[in-house]
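Got some structures for you, see below.
Note that chain A is present in both complexes that follow, paired respectively with chain B and with chain C.
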Partner chain A sequence: MNEQYMNAAPLLQINDLCKRYPGMGSYMSVFHMNLTIPRGRIIGLLGPNGCGKTTLIKMINGLLAPTSGTVYINGMFPGAQSKRVISYLPERTYLDNGMKVRQMVDYFGDFYEDFSKEKAYSMLESLGISPEARLKTLSKGTKEKVQLILVMSRNAELYILDEPIAGVDPAARDYILRTIITNYNPNSTIILSTHLISDIENVLDDVIFMKNGSLMLYTSVDAIRDQQNKSVDAYFREVYAC
Partner chain B sequence: MAWELNSDRPIYAQILEKLQVRIVCGTYKPGEWLPSVRDLAAEASVNPNTMQRAFTELERSGLVITQRNMGRVVTQDVQLIEAAKHRMAVTQMNSFFENMRQLGYSDGEIISLVNQTANTADNTNT
Partner chain C sequence: MLGKLMKYEWRGLRLPLLIMLGILGGTTLLTCAIIFTINPKMDNVSAGFSTMSLVLCILLYYFGIIGCSVGTMLIIAIRFYKTTYTDQGYLTHTLPVTSTTLLAAKTITAVLCYLAMLAGIFATIMIILGAIYIHVSNLSGYDKVYIDRMVGEVLSEMSMSFREDYGISLGGFITFYTVFMIIACISSIMIILGCVSLGQLYTKHRIIGAIIAYFAIVSVQQVISYIAMLPTYSKMLRAEALSETIPMFEVISPTMIISLLWAVVVSVIMHIINLHMMTKRLNLE
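On to the complex of A and B.
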């Protein structure tokens, strides 16, 4: 297929990554993380609130500078080049409320060369969202759907979705997961952070468990079920029992 | 509609069983093409890599044969399918007997209960 990938650097490589926010004393939000992420996987980034998931994601996207350590995407530091290959759904919405859905689609189409308007309109139609609606007239959940559609309509190499399904109803959740499955492509990887583990664990290849900024476990879903005889959701509740 | 899957066992193993049932009961007939990995993954709402793994196991057992670059067909070896069917029946019987013994039934009691149930079922069916 794409020969250039055969011997290339891993899609995402994280070496000894640390992040300390100013004013937090010696507390490290991300603490000596090492991680190598290959292509063709759907990976859940899991962990309790405040364990460093979003901080990690922001460093991968170049929105936060690491205190120490490195992030490589296709062997490159985060920057303009990496943003071409990463499609990122932030935890908070950043869309312009005054714009219409159609204008947002055009905007993304202008901005990203790998954006498919056709894909976006077909998903909008499936979820019954009018392209002529202004964003401010949409509910919180519908806005999240629009944002996720925009992110998933890119033909990216790495999708990073920070809490993509938390705000949407169960039926739309199923649709979104189906969209992720049918858009799956062996050259790209999806990393998604969420607390709704039972909803998504059938869709995941691997899970990453984080705790206090550190990597606790990086393994496959079926390995957990094999070894623990329980679902990832049940295992998570056990590992992080309060 | 997503397939009904238990949460405590590997997903690929459960998918493998469901595909075997479809072959054994003739949903997928001998010599017939199977749906693509992607389509079945979407139908089951599981990861395509997981579906792929189940297919690999099916190929290893010989129930499914991969035609290079074209897809997969169900074997035409009817005996192989019958043997798989028999293995699945034995597994079902073993777990049934195990559960009944746990309830305190002797094997003789279990068999007479089975006969009773079969007779009642016959009567309600006719």
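On to the complex of A and C.
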């Protein structure tokens, strides 16, 4: 691990984290994971299906209780306080279809102190999404964009984006990545989980490779390019070759 | 945060509730309108139509009441399930609030909605009784002031004799019964929400799991209510054997108190289950 990570005050600290789902026998979805993530990085959380990425993300967000081990966000256990500093985009569409876009903006504004309505409306306008549109009338892709706008309109310390570009067309992917970069606060960290490495590797500072619930590699993108002489995508394909 | 959460809970619940109340209000008005058409001076055919219409309206109103009561419970359960354990749960559980606050907001709003629905049902009953009273007093041909005075006297006498017959004042009984109803209402909501949470233990069939949990708890409740009836039966049998006259409230009060205690206990258990499921056992689809 690069020395700069050791010296920086950790935004996210994971110690010996394990997760076993009920009914899965002794199989661990996340297995004795240790991770320290500093501020000011854009990190790709990469790995094949079922390697434990979403389980790890859920535990960081307090959506799953670990079987053992600890997660600290800004020195706090996952809970009401840690949720103030994490802006989370799940792989599911979590918006209430009965609400209008404007009502969702108000909802975020009511609950998150760091949410900027101006930023949200500005991004909605740039995408031509009417705040008066009811969510059930929007396509899946547009709903995902609304969700991303809401998440990125927060001035959070840690952004966790689970598969933000899966299931959207290439043009929308570009917009989403642009949105992430444009709204990125240099003091915060973005953890981005995806399979579509080639699309995102240019925006990443670091990558985390996971395999069978364990941390396989945590290094910088530059280190992969320098030491392996390969792109992250090519290196990923080599590491996870079936 | 509790206030904000309750505001959004109410927004999510209000539309179906208002629609149900609107339908109930419509059947109430229809019933009242039919009541006003009944006239003893009508010929047999018209009187027959009028009476048949009234019976149909009362049936419609009756099913309206049942529908509103059961419908409110269903709406509360569905909203709780959707916002807590389906995709919307990802938003709900990442809000910067504790699970206790989240559950409190959902429970308080659900209880208030259910109480509002019960109050609405009670109001429609009063409207129908009022319509009957006005129509009968108009048909009687007596002076309105005279009828009001007579009815007032009858009610006053009933209130006076209530204490002798039931062993408690009418006001005391109404207060006791209101508290009983409110606690029973809270308990019913807690059971419904608790069962939705318990259903999450069956990860592949969460809704079926919730229904099974509900029937299991209702069965246990039936057994408890039989046990709660034992003091009442024993007092009645003893009074009959000794040819004693015991005031009604004295006979039923132990049963009501046991039922109340059970309602409180089951509410606390369900609250603990809900909290446990929303923190330690949360596993969104």
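As a working rule, the second predicted complex is superposed on the first by the 233 of 242 C-alpha atoms of A that agree within 3 Å, B and C clash if a C-alpha of one lies under 4 Å from a C-alpha of the other, contacts with A are read in each partner's own complex, and residues count from 1 in each chain.
Methods note: a contact is a pair of C-beta atoms (placed from the backbone, for glycine too) under 8 Å apart; a residue touches a chain by one contact, two chains touch by 3 or more.
All figures in this text were calculated on a predicted structure; none of them were measured in a lab.
Legend: residue contacts after superposition of the two complexes on their common chain; A:Pro48 is shown touching neither chain B nor chain C.
Within the superposed three-chain model, A:Gly69 lies out of touch with both chain B and chain C [touch as defined at top]. When the shared chain is aligned, chain B comes close enough to touch A:Leu204, but chain C does not.
In the superposition on chain A, contact is made by A:Gln81 with chain C only, not with chain B.
With both structures placed on the common chain, the touch criterion links A:Asp233 to chain B but leaves chain C unconnected.
In the superposition on chain A, no chain A position is in contact with chain B in one complex as well as with chain C in the other. Chain A makes touch with chain C in their complex at residues 21-23, 58, 61-65, 79-81, 83-84, 86, 88, 90, 92-96, 98, 107, 110-112. On the chain C side of its complex with chain A, the touching residues are 1, 4, 7-8, 12, 83, 87-91, 93-98, 101, 203, 279-284.
Residue ranges of chain B in contact with chain A, taken from their complex: 2, 5, 7-13, 38, 41-42, 44-50, 53.
Note for the complex: chain A touches chain B at residues 40-42, 174, 177-178, 181-182, 184, 198, 201-205, 221-222, 225-226, 229-231, 233-234.
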